[in-house]
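The same chain A turns up in both complexes below, where it pairs with chain B and then with chain C.
For the complex of A and B:
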């Protein structure tokens, strides 16, 4: 399994041993500096310029940001993105956790197949899911109406125009996102549940804790780090929504911009119109928004944890 | 809950609920397959499969969109190269972080973590400008080079390689193996499961990616499958069977790879999250 480097000189051998870790990590450092670090700094500068394609630049100060604040389209994009992020995460995570809790029970038959079934939509890229759902949402004949109409005849008529009616575009997006991501998040919850120390359950049972108390005292603190991770990644992912509405709505932002998102707005202004300065300002707005919300979530879950531990301490002893 | 009861009503209900939900989740996929087999007139006549099955949708697909074969080849080529490049550089860097002590290791690790939190959209405009200056717009290199090293992959490999026993590396060193030789002949062969997982994750990422290829690729000859499909949606929005045939072709390779690498994939996906 080894290839002795012939009668190697001791000096060379020493040198390569010392240099190796740096050499191995160098590709990351080089690509990061050129394609990560430089563009981040550059975008800060670029956001203060009006540009037309990659060539012509004019310094405009903060007017890109001022434009964004006053542009009704940008406001629509931000609003839509926030609404989507809220509802998709709001439904995704409890559903994913519920499925994971059930699937982690040893007495469930066919767990492997069930897990595979729930996860499978995630293998399709968002773009492909969008094309599929664009057709599933067709009025009259689409599968969604065919399935939901018999269940809710008054609420959902057979000719419900999910993608033509501005007020239905968001529910349509959230539903598609549930289909796509619940199983994905479930995998994380399942892994977390399996990592919880089983002895803790036994101890809680000995202490006379029922299933609900076991859940609160053992499961919740046990899966908390992963839950926070899932919450934050799901939120960040929702903020980057683009392909799903764009392709589902036939390469557009939909009726009355009902499917316009921040990233779609960025693409249209930065790369269709060609204003890279404005695109950078949008990028920074998005990054700061994501940062603020992630930090807020960390704060929120951090305080929650302290309460939980206090409650657990009270109960266990 | 009584643990000795084999089939309590609650347990039966749980099974019914889970299997019903699985059916709901799988229905769109079954519908997708069914839609590709139906002729135009049958498309909405039958909700799922029609009595007569036709290959017309696939024939139309290749006749009307003469470039599609090209797009399939493009996607395959691009994804394979990207996977190989990312696999090599990410595992190498992961090895470095897992098995060596060196100056600057900590700041580099923190730097990597920080990059995971920056949304890619932030750098798209300046990156496009940079690639334009380098002459890489409208080339696959413009897609491959900026993402040549996957930070996610580095962490994945750092985690799995740190479990390789140090004695194994020492023994190789005694044999006069160079550090790169250790990586190539010792570390990578024992990291097979993680390699499989990473290849699939990386392949999916490239195969499904849309926004950045949409920005970088302008020449139709270079379009990847998602981009080609989005063009088809614009032109043939009423040709449901054909669109679904294109979608099926586009998602099938990932499904097949997944079925082969399922176990490793799930382990790889959750490795960082559970331990961290």
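For the complex of A and C:
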């Protein structure tokens, strides 16, 4: 058996080093092409067909999209999703930030346990939370009514039907989602708060800034990137709402479709009635909507402008 | 490991890949070892109701004994999971069981698309040639028939009665024998209902289940035999206008707190006295509300008018044989064993309280036995007496949408009536039901199949 020469060894290693990166990304790339790119392109194609499962399909052009514009159920689903996303994010972020600020105070005892306690609902999953809140919201005997009725006897009767009254379904969903996600977003804000330079607070105090001014002038700018990230991920998450209302409302969209969300509507059309074409059109409409709203948020928070300026600056350098 | 050129992490990935591959091969070998012996035949059968599952588990050994070499693989699958997965498996030509039981509200969705795409075998010829058509309650074939083809055997009849707290009714001086029509019932209801404390009947103001039962009793429904939506016909409008004041406004006599534990508590506390009770639900009450054993009783549904039908229907199950079933004759034999064998049906009734669709079976001893939970009533007889009057109901692939629309119309009418109890509800109900029916028609018209 002959020993490989040094030149051979060197050449073999060079080949390995050239090929190795591609080999390492190959599993992801192949998987992504098969399970990511292909379904995306296929769904775009499907959205132009009326289908009965994958076997039977008839080309209908943009008819599915045109139907969605006039479909009252789709309008309800979009409206419900927007309302949920707005109120969920509207309450979620200030509450998460408030909790993070509170639990970053050194004078609070048992901070680690409290952080775990607030974060733990997120570990349960939406299915469990849905079942749990389904029981809490029960009229006449549920904990929510039992707790609130003595405080507001006229406003909240004992038989208040949180999940059967169309005007109460959305508040009930938002409340359940807050319980689940506030603690989760609190963790992001805690991490962001710890990353704010403490010297800046020192400097602000020297300049005579009180706690409120310190918060406005130091904390808010310091946690802005994380806030934008949380805002966008929370919004996208809200647009993907499905399991929570579906299970809380007993496998339905609730009274008068009050809990119908876009993803639930997509599921019903695609996997219950078998119209994959319409479901694909709903999926693409959702993706487009999320894209527009996310870009709008980036623009409103100034992040998009900063990123573009940084890009130009980078080129200039 | 030191010689591995890409470091520890990459080495660990390679090791994990080998270990997991090894486990997969081992599992494959194990499953091969568990395969049936050569020459053995297997029928895979999915059911969604645990009561059916338990009953079949007991009767299948007799079938296997009568058919040497045959193994029945009975599987209990969640109803929602079953409907959605089976539908998609049919459409995508994936592996499906040989036989399946489908809940009535899902059955219509399997009949969407061209006839060739329907995953169930057409049983029409078998049903007529074996004389089954004459042995079963005809009304129960209707929901499982599409474009003139019968795709399912009816498991049941599901006549509806009213279950009630006999002890409280007696205390309150309610004589159920004097209640013949809904007008009689409502009159008593107004006397004994105390808002937020005690209601005459468990009736939903937000879902269409109870309304649907009332609609069927009046000869209405979601679709006609041709699959056309009839949600906005005069029967539906009249039923809605009659139903809404029962659950809304100051003179309401009905309320519903929901299902499960809350219903158990409501019945135990006497919060609701009367409840719609198809045969399948009579057993659910026995299991879920055992504390009121001996205090419950059943009465026929009040008639719409004197001499009218004293029942309606709620729920149902069909048994279908899939087109991919390799041994349809064997599957059919099993279906006959489970659905037509009289001793099996008697035993099944004892376990489930569900009246089978084959009327010849109703004269057996099991159907005359007195039930202690319902104050000594002969449960089988009480339902069998009503079975011939069970109304027809027709389904469509769009049944799910139609049900949701009826529920929406109900909620809208309840809101309208709660806000304006003195206003005539009819024009509003008419417009609302028309809007809902038109939504369903739009979907039907979009369907190119």
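Assume the second predicted complex is superposed on the first by the 291 of 317 C-alpha atoms of A that agree within 3 Å, B and C clash if a C-alpha of one lies under 4 Å from a C-alpha of the other, contacts with A are read in each partner's own complex, and residues count from 1 in each chain.
We take it that a residue touches a chain if its C-beta (ideal position, glycine included) is under 8 Å from a C-beta of that chain, and two chains touch if they have at least 3 such contacts.
The structure displayed is predicted, hence computed values, not measured ones.
If you put the two complexes together on chain A, you find that chain B and chain C bump into each other.
Within the superposed three-chain model, A:187 lies in touch with chain B and out of touch with chain C [touch as defined at top].
Contacts of A:266 after superposition: chain B is touched, whereas chain C is not reached. By the touch criterion defined above, A:125 reaches chain B but does not reach chain C. In the superposition on chain A, A:83 contacts neither chain B nor chain C. In the superposed model, A:253 lies in contact with chain C only, and not with chain B. In the superposition on chain A, contact of A:152 is made with neither chain B nor chain C.
Of the two partner chains placed by the overlay, only chain B lies in contact with A:179; chain C stays clear of it. Using the contact criterion defined above for the overlaid structures, shared-chain residue A:29 touches chain B, although it does not reach chain C. Set against each other, chain B and chain C differ in how many residues of chain A they touch, and the higher count belongs to B. Touch criterion met: A:141 reaches chain B and chain C at once.
Among the options 19-27, 181-189, 199-207 or 253-261, the segment of chain B that ends up inside chain C in the superposed model is 181-189.
On chain A, the surface touched by chain B in one complex and the surface touched by chain C in the other have residues 13, 16, 20, 24, 54, 135, 138, 140-141, 250-251, 271 in common.
Those residues of chain A that touch chain C in the shared complex are 13, 16, 20, 24, 50, 52-56, 58, 60, 67, 71-73, 135, 138-142, 157-159, 161, 163-166, 250-253, 255-257, 268, 271-274. Of all residues in chain A, only 1-5, 8, 13, 16-17, 20-22, 24-25, 27-29, 31-32, 34-36, 38-40, 42-43, 46, 54, 99, 102-103, 105, 107-110, 113-114, 116-118, 120-121, 123-128, 131-136, 138, 140-141, 143, 146-147, 179, 183, 187-188, 191-192, 195, 211, 225-226, 229-230, 236, 239-240, 242-243, 246-247, 250-251, 263, 266-267, 270-271, 276-277, 279-280, 282-284, 286-287, 290-291, 294 touch chain B in the complex they form.
Residues 5-6, 10, 80, 83-84, 87-88, 90-93, 109, 112-114, 117, 196, 204-207, 255-259, 261-262, 265-266, 271, 397-398, 400-401, 404, 407-408, 411-412, 415, 439, 442, 446-449 of chain C are the ones touching chain A in the complex. Considering their complex, residues 1, 6, 11, 14-15, 17-19, 21-22, 25-29, 31-32, 35, 43-44, 47, 89, 92-93, 95-97, 100, 102, 105, 108, 111-112, 115, 117-130, 132-133, 145-146, 148-149, 151, 154, 172-173, 175-181, 183, 185-186, 189, 204, 207-211, 214-215, 226, 229-230, 233-234, 237, 240, 243-244, 246-247, 250-251, 254-255, 258, 262, 266, 269-270, 273-274, 276 of chain B touch chain A.
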